[in-house]
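Common to both upcoming complexes is subunit A, partnered first by subunit B, then by subunit C.
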Partner chain A sequence: MITAKDLTKKFDSFTALNALNCKIPEGCIYGMVGSNGAGKSTLLRLVSGIYKADGGSVEIDGENVYDNPKIKGRLVFVPDELYFLPRASLLRMAKLYSSIYERFSYDRFKELTAAFRLDPNANIGTFSKGMKRQAATILALSCKADYILFDETFDGLDPVMRNLVKNLLYNDVMERNATAVITSHSLRELEDTCDQLSLLHKGGIIFESDIGNLKTSLFKVQVAFEGEYDRSRFEGIEMLSFVKHGSVASIIIRGDREETTAKIKAMQPILFEILPLSLEEVFVYEMGALGYEFSDVLKQEVE
Partner chain B sequence: MFAIDKLSRTPIYEQLIDQFELCILSGDIGPEGQLPSVRYLSQTLSVNPNTLQRAYAEIERRGLCYTVPGNGRYIAKDALIKLREAAESKTSEFEELVSELKGKGVKMETLVGIVNRVYSGEGKVIAE
Partner chain C sequence: MNKIFHKGYFSEMFRQLKVIGIVAAIILMASNFTTAVSALMSFASETGVLANRIPGGFELAMPMMMYVYLSGLVFTFVAYNWLNRRAYSDFYHALPVTRKQMYYSTFLAIIIWMAIGLTAYSIVHSLIYLIFDLPFNYLLFFCVYVNMLIGAIEVVGAVSLACAISGTRFVNLFASIVILFVPRFLLSVMSVFIETDAPYMLSSIASYSLFFDPSYNIIATPYGSIVQMISNGAYTVNYAKIPAMIWSLCWSVLLVFLGGIAFNKRASETAGIPTKSKLFQTVVRTAIGLPLLLLLMYLIVNEEATLVAGVFLVLFSFIFYCLYELISTKSPKKMVKAMPLYFVCVGIALLYLVIPKLIIKAESTVKVDENRTKGFYVLKTENGFFSEFGLGGDQTYSSIKKEKIRITDDKAIEILCKAYDRNVSMINKNSDTGSGMWLTVKIDRTNGTDIVRNILFSESEYNTLSQLLEKNEDYYKAGIAFPPGHKYFFVNGLTRQEARKLAAVYEEEFASLDDAKKLMLKSNMSGYIFGIDSVDPFEVSTGRFNMTLQVSGCVGAKNFNESFAINNFTPKSLKMYIDIINQRNGDEGLKMLDELKAWFETGGDNGSSEYYVDIGNVTNVYFYDTNYGVNSFSGNNSKLLPKDADPEVYEMIKMLANAELSDDPENALQVTVYVSWHKEKNISYSSEKVIYLKLSDEDLSRIRDLDVLRRVNFDKVGDYTDPVLD
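And then the complex of A and B:
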């Protein structure tokens, strides 16, 4: 379990994380989204013990991470800016990793280098950007760590590799109850992969939820009645949005689907249709309800 | 046997439940038949194992399957009956639709023809 309590990190006058609180349970694949500068990478660097917190604490299984080699040996982090020893080959890096990580698996390392079609003896410095990212992913997944942190890792891999990495991740979650934290700019990507999702904005988590609940408790209904009607007709149903075009109303509803269906059907509509929402739409409405404008949060700040 | 559409708007969790039900209804896995393990499905479908676990928990809650600890999951004896009963309750919707079509002047022979065609196995079968 990763626990952050009132976690604060400042860079000069800029507050990257502002009293952030979160809990990431074991065996969970946790996704984080947010605009540039929201604090995603800072949070990962604090969790992996690279930065020292300016306030609050971050703990893994109840122990502080910073300056704690025992805990650090159980986590692996693929940062957005990669580092390899100068002129090192993948094999040389594997040697380094295996000296740090007790459970480092050469079998898996071999399997992965073959799958990614990378030459373990070649100088990593000669690799392309995407290949470097693959190299870092191979090393990280070979460590068999309990906590795997990926900073925008999927964004640099092609779809085939992405599926391969995902399957390995799933395997680790099943086999060792490993925990993964992934950041990405693609909601679509995280929607398929993660089971928990949080949205960061200006150094804090403004929204956190179980993906299953998120997508099943919110849905869109299209309905029409004979004669005139307005929103007051739907009293007792929690509506996040109500838009009427002509005689057809599109309503975003939060609640139990079957219950709501029964309620609306009892009103004898001439048209009734339920549409599931995409995760992006869910975010738009949930955040609207919180008083944030989704487009503002995900929009990259342009100076 | 299972097919997940990752581009669909329907959540994967719900797609899984639908697929399980379809599997039971079509007789692909009979009563007391063993369901594939979470491990197997996660790797073949590339689906988060926690999502699979949750889908299995839901169909178990609905009484469609049961778990033998350390052994696996099996389809309940009365799973098919339960699903059929649920389907029966949909006939009232069908009746509504028929009366609506009748009101709009669709001839009875047309509707009976459709029913006959579906039951004789011709025409398109709409799997929902």
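And then the complex of A and C:
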């Protein structure tokens, strides 16, 4: 489990992370979204032991990560800006990784290079942006790490490759109980990949939830009654939003879906319909409930 | 070990440096090619005097030193290339390797590559000397090799430290230079100031060994030779000084260790930032502003400073100071902010006016008197009896022996103490040094310590001391010793094998001589310049022959080079030499004399031609004719136009041309003929021919009477100069 307690990181006068707390359980895919400068990359760099925290701590399985090769050997980090040795081929990079990572598997490496259809002897410098990310993914996944940290994982990958990476991640999580932490600007990208999602804003996690819960506990209801009514009619139901057009009200409700359905049906509505919410909509309403304007927090993602 | 070493990371770094390592080693090894070729050429020509000299420490160190500097810098920059870019830095810092492991594994990988280069070079270099049997001091070379290995540690330590505390290539480079050179540079400049303040007085670089002696921390002091020059030979860089090596190693290890600490503390996010340390930035900036100010201080001390020079030097020092700040930080604001701190530079420079005086003052408080002095050693001398330097400034075997002899003679100690006292009083009165001779002496004190001082002796003190030492048996024996052990021999005009054979004969002859003759054979060739009045070119023992047996060898790591005269005191050697030379040069030499004679007979007006003839050891007579006029040729010796020459000169040439080759030193006259160009015959000779001619007593006496040296037509020649060997 990755645990961050009051994690703070400053770069001169800029505070990248401000007393951040989070727990990432084992065997899950944990997604992080946030605008530029929200602190996603900084958090990943702290988790992977690149940066030293200015305050608080970040631990993996109860051990501090910074300058701790025992723990760092169990995690692998693929940054947003990739690095390869000058003029190196995938095979040369594999040599580097295998020298450092005890669990590095050449069998896996071969499998992955075949799956991604990359020439292991070709100079990585000649690869396209997407191919370079594939190369980095191959190397990272060949390390068979317990914790896989991906910064902007899908940046530059075409849809086919995105799916391939996702599937590989699922496999690692399923088969080896690995934990993947991935960041993205795209909520949609994470929606069908992650088990848990957090939203970072100005160096802190302002929202964190299990995706399954998130989607099932928040839903949109369209309802109409004979005669006049207002939101007071729905007392006892937690509403994040109530908008009425004519006799039809659109309500965003948080709570148990069946229980809420039973409650509303008992009011004998002339129209009752439960509509699915996209993850983005869920975020909009959850953020609104927390007093944030979603468009401010995740402006780019909405755009 | 695991805490500071990571096998995987080490092997990765070793791999990353492989190409550079191999290329650098090949380049260094290739420099051996030059040595081999020059050795072969010298071997083939049989005339290269330098081939007889055992290479000194600095010559041996030069290629390796360049390698250590350049490859140390390149290796370290390449190994830490990732430190200067955020993405690269993040990648490496994400690896499961501790910072300490990274640092020390990288260090080891670099050092091993450098050691491979140095070792490969050293083996090949030694083999070349071994195969060609060239003069070489293997112990000295080994010492140089060890010094260079230590130097490699130091350079890598310094550059690693620089990389750890700075985050751009530009600052890396300047920081490396500052760490590596500035401390020793400042100390060496201080020693120069001391020498300037008190030349030939009490101060001696050797007396402040640890801080001022360039032998300590050799790699940081390639300017050791400059110090050597400034100290007028009173100081030589010693590559075989064990304490100096230990000091260098300690300093190197300290640098590596400091680099390790800095690297351990270095945050990945500092990549690309010139330096986080304001103090360090100030240090580098100050170091860049200092040299020109120190030059100004030097001019002030020497009373050579002018207002223009002062303004110029301060202005440029300030410009360099500001430019560095501007380029490294790319911030004009920071540059302006740093300007007031320029006074730190000025302050340090001003210290150079004060500290040397304080040091000399402190030095002069050390009392040296008869009661406190057990004895003394003469380490270096300026001139005279003690002065025995061979080729290229090498010591003679005798001087190496002599400097180990402790002089305990009461009278000598009294002279020393008197001279010392006078030197102290000169310093105290700030008076002029006056004239005299200086010696560098190591004084053994009764309290068990010793001090090294340059002491100026008056001429009479010096002469008395010389006489006392001549009477000292050990000293005298050292002065007439023939070097034992493995030696290299060189005799002009002979092959190595011939020289070796001749040396064997000579050594036997030398051993059988009495001490006075031995001393004559050695002192004849010890650098004393003979005047025309003191040497008779027809005198067998002095002027008739000028050949020497040069002996090179080593005592431990010290090289020596000594010349022994071959003359009638060593008749077997002399005959052997004459026979070999005549056999080799005889026909050619006689032919040249014939041509010269014919030239005289035809009036010598054949366009541009030039001959000269040497007789014995001390005379040169030029014969030339040129279209450019009589006096257009400038030379040091007497000149003669054939058509205007004294008829007796022709007589002399005729006698020489008609003579036969000699096989007896008693009647042999050494004649050197050289024709540089003969237009009419279209001949040119590339080298002079020495021959030994047999002249009857009558002819010899006739030539002596002609005394062509003195009676050539001086008035027609115009610019006659004394035919003294220079």
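By definition in this document, the second predicted complex is superposed on the first by the 299 of 303 C-alpha atoms of A that agree within 3 Å, B and C clash if a C-alpha of one lies under 4 Å from a C-alpha of the other, contacts with A are read in each partner's own complex, and residues count from 1 in each chain.
Methods note: a contact is a pair of C-beta atoms (placed from the backbone, for glycine too) under 8 Å apart; a residue touches a chain by one contact, two chains touch by 3 or more.
Just so it is clear, the structure is predicted and the values come from calculations on it, not from any experiment.
Trainee: Does the subunit A-based superposition show subunit B and subunit C clashing or fitting?
Mentor: Fit - subunit B and subunit C, as placed by superposing on subunit A, sit side by side.
Trainee: So, does A:Tyr101 touch the first partner subunit B, the second partner subunit C, both, or neither?
Mentor: second
Trainee: Put simply, what angle do subunit B and subunit C open at subunit A, by C-alpha centres, to the nearest 10°?
Mentor: The three centres form an angle at subunit A of 150 degrees.
Trainee: With both structures superposed, pick whichever of subunit B and subunit C touches the larger number of subunit A residues.
Mentor: More residues of subunit A are touched by C.
Trainee: Answer with first, second, both or neither: which of subunit B and subunit C does A:Gly31 touch in the superposed model?
Mentor: neither
Trainee: Taking the superposition on A as described, I'd like to know which of subunit B and subunit C A:Pro269 touches: first, second, both or neither.
Mentor: Neither: A:Pro269 stays clear of subunit B and subunit C.
Trainee: Can A:Gly203 be said to touch subunit B (first), subunit C (second), both, or neither?
Mentor: Neither subunit B nor subunit C is touched by A:Gly203.
Trainee: Between subunit B and subunit C, whom does A:Gly156 touch in the aligned arrangement: first, second, both, or neither?
Mentor: After superposition on chain A, A:Gly156 lies in contact with neither partner.
Trainee: Is A:Glu81 in contact with subunit B, with subunit C, with both, or with neither (first, second, both, neither)?
Mentor: In the superposition, A:Glu81 contacts subunit C only.
Trainee: After lining up the shared chain so the two structures overlap, which partner does A:Gly39 touch, if you call subunit B first and subunit C second: first, second, both or neither?
Mentor: Neither subunit B nor subunit C is touched by A:Gly39.
Trainee: Across all Cα pairs of subunit B and subunit C, what is the smallest distance in the superposition, given in whole Å?
Mentor: 27
Trainee: Taking the contacts subunit A makes with subunit B in one complex and with subunit C in the other, which residues are shared?
Mentor: Shared contact residues on subunit A (touching subunit B in one complex, subunit C in the other): none at all.
Trainee: If we count contacts the way the header does, which residues on subunit A are in touch with subunit C in the complex?
Mentor: Spelled out, the residues of subunit A in touch with subunit C are 11, 45, 48-52, 67-74, 76-77, 79, 81-83, 85, 95-96, 98-101.
Trainee: Taking the touch rule as given, give the residues of subunit C at its contact with subunit A in the complex, in rising order.
Mentor: Interface residues on the subunit C side: 6, 8-9, 11-12, 15-16, 82, 86-88, 90-91, 93-99, 101, 267-269.
Trainee: Which residues, counting only subunit B, touch subunit A once they are in their complex?
Mentor: 6, 9-14, 38-39, 42-43, 46-51, 54
Trainee: Would you tell me which residues of subunit A are touching subunit B in their complex?
Mentor: It is residues 27-29, 163, 166-167, 170-171, 173-174, 192-195, 211-212, 215-216, 275-278 of subunit A that touch subunit B.
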